[in-house]
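Following: one structure in structure tokens, then a few remarks.
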């Protein structure tokens, strides 16, 4: 059994879901309240880092490899950049409009009935066009990225030769 | 709607976004197949180059045109003369630097195919390589100060990871650490200056800043901090210590692209001095007591002094250096000195009313030398990498008699040698001649020192040529074979361009360098084109 | 050794003087007047709801007005992850 | 003058960081110095955003503005700058791990001096 003592693990088990939920809340409400993809992603990644500290890097590396995290991060980044590319491709949708890279193409239109409302200060999730989607993409990227950094560094500095009980 | 027109319209965004997309896709593609990944990366770079060429054609066909691209905006972006969104502003200077970056990127990617074959972690290597390319293009094309900082950081972080690529060598890691320390401090200085400017004028766009700038004392502080930061990144002498280490320890293919990244920082300095501050530098006289001090004269003299020290130290250190790649790196320091010598000489005269073309000529020489330096130094680094690949040897003392086994590499080294030391048939001569002429008109001593240092550089490289390629055949190197075709192809591309520019320098100066010089010297055109154009 | 230290002290002193002057000359904390009127930011505050639909002005700037910076920022993180993984890779195949 | 105290704090942070980078030999202290410079610059950006009697630039309730809002752009720039700082920090610490493995020391003057 690697990692820290049983007390730490129990507390981690209790706190971990709360941290997760809070981070995901911050990501999802990025366009309404303080926060966003980066901040929420950092919260979730710190929860995962807590798991890493409590259970040890060897155990965590057995569960998830940095290669998988890297692929996950690539997917997040791809989602973000393809949302930006869709801004150019919106010319196909509305022929009268001149789209640009990073155009917020979901707002001020009626063709796609998703995220197309304008915020009125009422905290409606269904507002702000591509911003919530970008928040999710960036959130995924930051979770995977920060956790990969912490995991790789922790695994590289693990104590070798010391027998882990 | 025509697809080519669309490509040209969106080209500034695509030039940066496509390498980024490629970088994000590379980890996924490399799960399939190694060869497919290499082909994919080369395809991405070639596609980007094609878009750069399209954009260049568009810019050069209309003299003085500035291609402005608004990110995310479809409606009006600047109302009352302030830019809310990020703009890319591509003029003659931007596209000139982009062409240099394109040549380096193509050669580097082709060279990597064989050169890096035996290493592990190649998927991340290619990811980072594409990221450096994207960062370089971003730095070059952007018209927004903060965006410049972001791409500067992308370039320096990716470069740092690749400098330390051979992690089993302590010195490579040390070089990477030095590089990241210096470059992150430089970048933070730049950010501080940007924040000062933002706090005063509430603008981040270069054209808007150039329009609004008052040249108060705070602006001068911002300029000083900005130039300090960019000089750290460009390897000008007091801050040059990272450069030989980083250039010398990185894999050769990475060094090639690092040359481009360094020059992108130099471009940043040019853009800040001549475009953002240009209008107010030109008519600023400072009174200290009874004496009027022309500020741009002062700045010019300061830069010329730095340049002379840079040339001197570069050449002297190259003379006594024993490691092949570090020696070329010191020669690269000296070459950077030549560029900023021309820029400083230009600053002393180009804004004064009595100028009779000296300043413009110096600028022409300096900009032309940026192109030539990238090619010459890049070719020499590639040759050094080829020798390392074939012999696994870096010290000059232990090399010898390689000309018999590596015929093509020897020829390429000869071309690079003649070019970097400014010998007549090559491109280095064409640009250095302009620099000598213009600095002679500013002050004869400058050009004499420059010529002397150039001759010393020739002596250095002739010594290397003699000790590494000629001389008695060594039995250790009997098994040495010519390097693989892809490396030869990369060196051949650069060598061909060097010879082409050497044979037809006027063609290049008239068509490519002159628009860049016009773009630098005419900053009111820049402002009116960007702000008025929307 | 001492020569190096001397140069470092001089560099440090010059930077210190520049920064202190910069701090003293920046506009007073929190005060805006005609000269440094924040028109760009005011435009964003006034139009963020209509143009981007977001209630949060900062997020609107991060993901819409200056979205390209955010792409760069995400790329920086991506670069760092790639860099850390490449530094701790296995050297032998 | 009293209203420039936040800027003086910024300069103090930057200078302390610069002092650590220039005069300290321990690699970890150099990294701490860089982080301090970065915090100083971030603090500078954030102080530029402040406007007297203002609230955060977020619309609540009725959706109409009742007070002045602080400037949103510096917040966004600071966010970007913080993330960049994290990236640089991660890379520097990984390099230090490697340097420690190679040389068994964190003294900058003893690193990278061996003969090849």
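We just call them A, B, C and D in the order they show up, numbering each chain from 1.
One rule holds for everything that comes next: contacts are C-beta pairs under 8 Å (C-beta built on N, C-alpha and C of every residue); 3 or more make two chains touch, one makes a residue touch a chain.
It should be emphasised that the depicted structure is a prediction, and the values quoted were computed from it without experimental measurement.
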Report task. Using the touch rule from the top, work out which pair, A-B or B-D, shares more C-beta pairs. Result -> B-D
**Report entry** Distance between chain centroids, defined by C-alpha means - subunit A, subunit B (Å)
**Finding:** 36
Requested in this report: Express in whole angstrom the distance between the two chain centres, defined as the mean CA positions of subunit B and subunit D.
Outcome: 28
**Report entry** Length of the line joining the C-alpha centres of subunit C and subunit D, rounded to whole Å
**Finding:** 9
Requested in this report: Express in whole angstrom the distance between the two chain centres, defined as the mean CA positions of subunit A and subunit C.
Outcome: 22
Report summary line: Residue ranges of subunit C touching at least 2 other chains are 11, 15, 19, 22, 26, 38, 40-41, 44, 49, 55-56, 58, 60, 62, 64-73, 75-80, 82-85, 87-88
Requested in this report: Mark out which residues of subunit B touch at least two other chains, giving numbers and ranges.
Outcome: 17, 20, 24, 71-72, 146, 150, 153, 157, 160-161, 164, 167, 192, 199
Report summary line: Each of the following residues of subunit D touches two or more other chains, namely 14, 18, 48, 56, 58-60, 63, 73, 77, 79-80, 83-84, 86-88, 90-91, 94-95, 98
Query raised in the report: Which of line, ring, star, complete or other matches the graph of chains that touch?
Result: complete
Query raised in the report: Can you name the residues of subunit B that touch subunit A in the complex?
Result: 1, 10, 13-14, 17, 20-21, 24-25, 27-28, 31, 69-74
Query raised in the report: Tell me, which parts of subunit C touch subunit A in their complex?
Result: 49-56, 58-60, 62-64, 67-68, 70-71, 73-75, 77-78, 80-82, 84-85, 88
Report summary line: In their shared complex, subunit D is touched by residues of subunit C numbered 5, 8, 11-12, 15-16, 19-20, 22-24, 26, 28-32, 38, 40-41, 44-45, 48-49, 55-58, 60-62, 65-66, 69-70, 72-73, 76-77, 79-80, 83-84, 87-88
Query raised in the report: For the complex, which residues does subunit B have touching subunit C?
Result: 17, 20, 23-24, 71-72, 79-80, 82-86, 120-121, 124-125, 127-128, 131, 134-135, 138, 146-147, 150-151, 153-154, 157-158, 160-162, 164-165, 167-168, 192, 196, 199-203, 216-218, 221-222, 224-225, 228, 238
Report summary line: The subunit D residues in contact with subunit A across the complex are 56, 58-64, 79, 83, 86, 90, 93-94, 97
